[in-house]
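See the structures that follow.
There are two complexes below, and they share chain A, which is joined by chain B in the first and by chain C in the second.
Up next, the complex of A and B:
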């Protein structure tokens, strides 16, 4: 009874999630098995054709493309995010609050606007090229836009705060006495980091990885704007099929496939973080 | 204490629900004096024109902004009694008509319909002109920077085919849409849009793949930017985008490809369950007045189908070949008919093309 009373506060959020996440999800699932007529109208007729098309080699390449982008994004954010999180966690309280504030600051501005900001920086007539031209380092603009790497810059930039915060929590909760013990026993800073700090913050890394990897699969506007539409990711594919492609059942099948990929990543994560109570979902 | 709080919450809930019910019934009562229209946002139906209509007639116009034809179709089919009017693109008129969502327009209530240029009558999407009234016309063509093309050592661009010149490597921007780009390639081969003949499609596929090295970027919303900032020397885009490009950089020039161009006619349609058909007719008649149609064209930078409006158009509009389309240009255009028949295949080819 006591637990019931304590859990009653969770009921509204469960109803909320059930209505606004659960029902649309069921709708998408059902939609993925339906057909369309020659006008693009959805008709209630069971088919597996949408899933057959998901495994078409060309679409599998789109999947691989997206997985590669998401993986690289997670790695880049890890390399950039870990030192930032580590240093921030070791700052004195005032500076630490300031640092976290700075990390969160970009969220105050629309992500679309920030993407356009990158276009202004990296374009042929952009700020970086203009400065380099003016000081004579280069004599013609270096093309930096509309490549896979430009998209990677965009997604990594967009998602790096999630990585930092996840690792920060992990470093913050680290038992300092373990580090002291390590130093007392004669370990160097380097040895302490690789033998104590890093293993103990792996749940944070895994959490950050999950938080970055999954959204990176769906940031279609970044590759449209920064990638110049020169390559295709899952998000673009679903977006095109829903709008101009007028094929919602196929888009639904892709969405379900994407959800399965995300679930796989989450289950991997929960394996890594199983024995630890500092994970994201505990 | 706990029960008090509970009562308070229940009280607030009851009041909110009651208020909601009262407000929504109120809306139904007022609907007699309202016209609900939906279409793309961004002042596609100029607010200034709408408020003039409201002042003149006392009818309130609610403008629902939607981002795509497909969204409009969903909204209209989900609640046909909620909207009076919509502006949709030609192919969507065809779909809505065949899905029995549209009212047959009573031309007796639309005396100003006589102002519509007969050139736009009897199009494939509405062969007997029963369901739609053309509102805004646009075409796609090439916007070119002739000086930059020459500087690259390429021949002047007069047709789609000229885009395949080796000298133009990484210098072309295109609208990002499979049907449109396959259409461009088919036209460059002398075929028609939405070709289904496997041999011709296969030929177009190979030619499309050959274009890849020349493409700098795919962009549907602001392709003209790439020509304005100089990162591309030629682009295939919609007329209103090309107009903006030339405004920002006057040395850019439109090229109407000799092989032919696509045309898009955004048209008014009325929901078959429109709650205020009288008001809707008044509105349609209002915007077909010559001087109003001329102002709409000038504000939106779309070509007007209103023949009588021509004399009211400002000089710069009248003298702009991209806005005041010459007859021989319009005669060289065609619609994308039967997109759903070819789209799956074209999308597949387009994906292969992009992943190369």
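Up next, the complex of A and C:
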């Protein structure tokens, strides 16, 4: 009876998730096994052709592009995010709240607008080139737009707050007496960081990695706007297949493939999180 | 003359505006078991952390073997700490936890290290636990590993910050004995922080009683217990009945004092001089008192208010001249009394002490 009472509170959330996540997911899954006619109308006829095309070398290339982008994004956000999270977690309460506020501030502005902001910064007639030209560092604009690295900058910028927050929580949770014990036993600050702090914040790193890697697989407008479509990523491909390509079953198959990759990453993460719960990481 | 192992000279420490350590000075000798005893918030842990280097001092100096360690970082000081919550590294097993110190200092080869880890594990009776992770150990076992992890560094002083606080009563008593043995066996100087007077009295060679950031008394357990120098130590150590009396006449060792219509002779304090006609505080250990049915010389007349039988001991509440006192007896011999009876309370001479009434500097609710 007690458990029933407790569980009944979860019903609204389960209904919510079921409606907004479950049903669309089932829809996409079913769609990925269906065919279409030349006009793009769905024909209810079972086929595995969509999945055969997913593993086609041309599309595999797109997969690799996306995996590489997601991986690099996660690494870049880790390198930038760790020090920010570490320093923020060690600030006194007032400064720390201010710092967290600054990290969260971009969420108040549309991500599309912020992407346009990067175009204004990085374009040939953009702010950076203009400033460099004006002070005479360069004599013609340096092309910075429409490259793989431009997309990387965009996705990393978009996702770095998730990395920071995940690591922040981990550093914040760290028992300070462990660091004191390390100093007390003769370790330098550097040794303490690499022997104690870093291993004990691995759950945060893994969490941040998951939170960044998965969205980075699917972000399409960043590579559309900043990458100029020069490199095709999974998100772009799905977007194109749904809109211009009129091939929703194929888009669905790609989506399912992407979800499988995401699940793999999550299962890796949950292994780390399980070790964490078992006390290996406090 | 050889300098003392550790010399604390006029240590002052502030947290913001709060003056937490006030002019603390004392020395610690090689090989002794010294306890810093005081209520929570008295500054004892802060003082320990100052010795470890985990807190800085605002003024004063700390000399280890005659040379100042004031500006030296904790990782360069030859002292080690056993933390209150043990602070074992949760991601390292017992072996790696213990080997941590020598490894970061690169002070031993792996083969020698292996032997030394064996030695210290043997010392704390934890051989065979090398591969266990901290979360697989009980509180008492973690405690031992924390001590082994500190001792492997062969510190000049081992600092222990309420290490038994998290253990249950039975284990705590057992560990008290074991810690004292370990200290004698290794000859390491222990500085031990606790708020538990029984722990302090049991284990220490000397006790420093601290309250409100000041050293109240420094002495052997017996001295602290029997000859408290002020009201704080009197009330903090042991359970005493405190009464206000008037000094009638003071002699070399004892003074005659008056409490209501009782006139009794009480031992003089060592550190203070009493004057005739002065008001004074009389403090008597509850368990050094006895109830007698017959009129006895040098006794307080009292009325029995209540009697509680609590296992091996009997607690009695009595009224002496409008003042409630408690007597704890371990065996009832001479007097079968009942509530309302008039009795005579006597005490062992060394269990009672007189103190001047106005106590210097200690303002505290008793």
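Structural remarks
Keep this in mind: the second predicted complex is superposed on the first by the 276 of 282 C-alpha atoms of A that agree within 3 Å, B and C clash if a C-alpha of one lies under 4 Å from a C-alpha of the other, contacts with A are read in each partner's own complex, and residues count from 1 in each chain.
Throughout what follows, a residue touches a chain if its C-beta (ideal position, glycine included) is under 8 Å from a C-beta of that chain, and two chains touch if they have at least 3 such contacts.
Model, not experiment: these values are computed from the prediction.
When both complexes are overlaid on chain A, the residue A:175 reaches chain C alone and has no touch with chain B. Once the two complexes are laid over each other on the shared chain, residue contacts for A:196 go to chain C alone; chain B is not touched.
More residues of chain A are touched by B (comparison of chain B with chain C). Contacts of A:18 after superposition: neither chain B nor chain C is touched. Judged by the touch definition given at the top, the superposed model places A:39 against chain B, while chain C stays out of reach. In the superposition on chain A, contact is made by A:184 with chain C only, not with chain B.
Once chain A of one complex is fitted onto chain A of the other, the partner contacts of A:83 are absent, as it touches neither chain B nor chain C.
Annotation: chain A has no residue touching chain B in one complex and chain C in the other. The touching residues of chain C, when paired with chain A in their complex, are 52-54, 73-76, 80-81, 83-85, 87-91, 100-101, 104-105, 133-135, 149-150, 153.
Of all residues in chain A, those touching chain B in their complex are 38-41, 56, 58-59, 61-62, 65, 123-125, 143, 145-146, 224, 228-232, 237, 240-247. Residues 68, 70, 95, 98-99, 170, 176-177, 179, 215-219, 229-231, 339-341, 343-344, 347-348, 351-352, 354-355 of chain B are the ones that touch chain A when the two sit in their complex. Within the complex, the chain A residues that touch chain C are 175, 177-178, 180-188, 191, 195-196, 199-200, 278-282.
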